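Structures for review follow.
Across the two complexes that follow, chain A remains constant while its partner is chain B and subsequently chain C.
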Partner chain A sequence: MVKEAERAGIPAAHITAIPSVALSVGASRVVVGGGIPHPTGNPDLPRAREMEFRYRCLELALKAIGTAVDKPTLFKVEEV
Partner chain B sequence: MAMKLTRRIFQVDGVVFGERTALCGGRLVINKQELVELVLTVPGVARVDVELVSPGESARIIHVLDTIQPQLKLAGGDAYPGILTGPGLVGNGITNVLSNVAVMECAALPWNTTGLMYAREAIVDMTGPIAGFTPFSGTFNVVLRMNLVEGKSDPEYDTIVRMAGMKVAARLAETTRDREPASTEEYDLESRARPGLPNIAYVYQVQNQGTYSNTLLYGKSVDNLVPTPLHPNEMLDGALVSGNYVWPAFKIPSFIHANAPVLEELYRGHGVTHNFVGVVLSRGHNYSHFEKVRSANFAVKLVQSLKADGMIITWEGGGNAATDAMLTIQAAERTGIKCTALCFEFGGPDGTEGILLVDDVPEATALVSGGSIEKPVSLPAVERAAGGDYLRLGREFGGELVAATSALEFDTTTLLYCSGNQAGHSRLIGRAY
Partner chain C sequence: MSSEPLRVVHYINQFFGGLGGEEAGGAPVSVKDGPMGPGLGLAQAFGNRATIVNTIICGDNYFNDHTAEALSTIMAAVGKARAQVVVAGPAFNAGRYGLACGAVCRAAREAGVPAITAMFEENPAVELYRLFTYIVPTTGSAAGMRQVLPKLAELAIRLAQHGKLGPAFAEGYLPTGHRYNEYDEHTAAQRVVAMMLKKLKGEPFHSEIPLRGFEVVPPAAPLSDLTGATLALVTGGGIVPEGNPDRLKQAFSVAYGAYDMTGLDGLPSGAYVGIHGGYDCGWANEDPNRVVPLDGMRRLVQEGRVGGLYHRFFSTCGIGTNIANAKRIGAGIARELLDAGVQAAIYTST
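Let's turn to the complex of A and B:
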């Protein structure tokens, strides 16, 4: 889906727990989020910090969309 | 780890209902009422019917959950340890197997769960174009068509269907006591190993993601497993039991865990073309890249400790599990252990579209294709359905019920039981052209 969106001229970011798959498929902007059962979250964190983690995932994905890339590129969410 | 197992093989030529449950010559006779009452001793089963489905019938079995080979240990513990009995060690002694009889747990498990971890429709056709996709078109199937009581939790339903299947399997296996088998097989690694042959290990990666997609080792799911060594005889005696119902194509039933074709082949060539040095059990579907790398490294560490020159890996499950396996292949090759894998492929209807594998590594240079799961299939109408009357399809789109005997069309083979061929058990292959 990410590749098709890019092909249609829509910049896309892929938040994932398995970056190797996203990179091998050729996704342009790969955001490394939480775990496979919770790609945009971290249930081990207390509620308030988990919300911050989710926010950072989304924020980084938006930042990635605004970043020009010429090859599959990894973006890593900072620890909360 | 020295183990010695004698398997006494009872191959039947028919299964029929009759007055007394017993082996009569080559025929297994079943008292239906006895099995019905046995299943009803499991709290949580509201109703059950027992149906017999034989090879060559125009029949379709649906709602298939786990499938079990009846086994009776005459010495050396109990078969399928940790389910009906304590987790006593198996792999030694004598085991009777009803080799071509399969007990099938069939029920429409409630679709309570949100997300992906729910029991999908699972289909076996005994004849027609997809019969060869599953090994169970060739077995005499004792189908337990169960209705379950309401109000249980998913872990409870999971246990209920397993207890029903295991009790019936144990009862049927009991018919072999005091009988002489047509053939016996000896399984031990020590007496036949020959110096000078390459040492080969088998890394057996199973699925474990939560209720309805777990694998049990001696009765407990392998949630937190770091890879562990197993003697192949432990698998033959049922140390692994399946509780995985999420994707019928990608599951490995208990029957196959106890009769893993790659394991059997490694045993056949043991001391002839290679020395089979043992099994390493690993869990797939680890939750993060970090945990996958950790598990892969542990698996390869154990393969090294078995002094293996090479290893074969198979894995259960879809895309997520491919990453665990590929990282294991990578870790092995980097330590000089040659590795080959057996796996299904994608590739679209003609094998050229999209990706062939969800994940791969440059070190994975010797993969054997077990066939594509993205081939469209047409299933003709059949005369008879077992396990249920209506297929439950398309939950993501609201769900629909379809008469089980009707002609069916599918874009992929994901609902066809065992068609992902993940342990080398079906007749599917992939060829380059």
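Let's turn to the complex of A and C:
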């Protein structure tokens, strides 16, 4: 699905907990998420820190959208 | 082996059969003696090893509108000609012609006559028929006719002689996706160690189980200043409004939904739920923003880092969805994004 967005000229960040699959299928801007059942969350964290984690994930997605890439590229979020 | 030339039947469309272009697309099946059109090139490559007994011509529209009828007439002619191999095309990147070639080859093979065709790798018929027939790759246009005919002729002769061809990588036809057992003097353990040693030494080696290749799509240009841009949220995680109004499937998706979030600061638990059949949706139901991060996006918009968020999010269930459907769903969403003036998107997958 992200490849179709990229094909249409829309830069698309793909947040996933299984970046190896996204990269091998050919997604261009892959952001590592918080877990398979919660790509933009982490239920183990207290609510405020989870919100912060989600915000960092999205910031990284914005960075991925703003970065010129020429092949499937991985963007990693730092620990919060 | 008999020294008689092998008997070949060649299938072509109205254009290569000299009947005309699109206006002759409705021409029904006709059977001519001997080679014609691209068959003349095939005949030259065959020399005295094989002879084109009949050329079957059919309009592309006729074939696709009256497939059963056309196939039955064609197969009767193949039988009457006592064909030892059927050759169809080359169809290059012509869609309807490719479908006809694929269908003719499949029918011939099912009737016990080996068959082979040739077309461009991206011809839509390749995906439909590669399992059922040998397809020799060609260029996208008929400019590559001269290069492909000798190859097609050689493989057709070998196919007529042996009833089958060796593996795709050795013979040069498009991989069919079939795997066959064969005997080898070395055990699997010996072969895999030999492969590993070659890999360690940086020497070329061939895997016996090549992975499926995925289409390469060049990345879109980046958008670094998002302060004036509209972004959209898309998920393969199956988040939908409670009650699943579009009745999206929980797996093996064929469709997607688009759901309004105007006025919401985040996706409220209870009002939005996960219906995805491939992961435990408990965490998503507790807080749907864990899959569709609306609350975080609102903060980015409020802070002015992103111009705006498209008022609907797109959702489907990624589980078990085949590539063709995923592509169709993805293209549909991309079209809506373009129409809505969305400049960038964030996709989440579970």
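Methods note: the second predicted complex is superposed on the first by the 80 of 80 C-alpha atoms of A that agree within 3 Å, B and C clash if a C-alpha of one lies under 4 Å from a C-alpha of the other, contacts with A are read in each partner's own complex, and residues count from 1 in each chain.
In this section, a contact is a pair of C-beta atoms (placed from the backbone, for glycine too) under 8 Å apart; a residue touches a chain by one contact, two chains touch by 3 or more.
Quick caveat: nothing in here was measured; it's all calculated off a predicted structure.
Colleague: Mind checking chain B and chain C on superposed chain A, clash or fit?
Modeller: They clash: once the shared chain is superposed, the two partners overlap in space.
Colleague: If you tally the residues of chain A touched by each partner, is the higher count for chain B or for chain C?
Modeller: So, of the two partners, C touches more residues of chain A.
Colleague: Examine A:I10 and indicate which partner it touches, taking first as chain B and second as chain C; both and neither are also allowed.
Modeller: A:I10 sits against chain C, while chain B stays out of touch.
Colleague: Go through the superposed model and pick first if A:I36 touches only chain B, second if only chain C, both, or neither.
Modeller: both
Colleague: What is the contact status of A:M51 with respect to chain B (first) and chain C (second): first, second, both, or neither?
Modeller: Second partner only.
Colleague: With the two complexes superposed on chain A, say which partner A:L60 touches: chain B (first), chain C (second), both, or neither.
Modeller: Neither partner.
Colleague: So in the superposed three-chain picture, is A:P19 touching just chain B, just chain C, both, or none of them (first/second/both/neither)?
Modeller: So A:P19 only meets chain B here.
Colleague: If the shared chain A is used to align the two complexes, which stretch of chain C, 60-68, 150-158 or 240-248, clashes with chain B?
Modeller: Residues of chain C that run into chain B: 240-248.
Colleague: Following superposition on chain A, which residues of chain A contact chain B and also contact chain C?
Modeller: 17-18, 24-25, 34-37
Colleague: For the complex, give me every residue of chain B touching chain A.
Modeller: 209, 285, 287-289, 292, 319-320, 323, 326, 355, 358-361
Colleague: Could you please specify the touching residues of chain A with respect to chain B in the complex?
Modeller: 17-21, 24-25, 32, 34-37
Colleague: Which of the residues in chain C end up touching chain A in this complex?
Modeller: It comes out as residues 214-226, 234, 236-237, 279-284, 286-287, 289-293, 295-297, 299-300, 305-306, 316, 318, 326-327, 329-331, 333-335, 337-338, 342-350.
Colleague: In the complex, go through chain A and note every residue touching chain C.
Modeller: Contacts found on chain A: 1-18, 22, 24-26, 28-29, 33-41, 43, 51, 54-55, 57-59, 61-62, 65-71.
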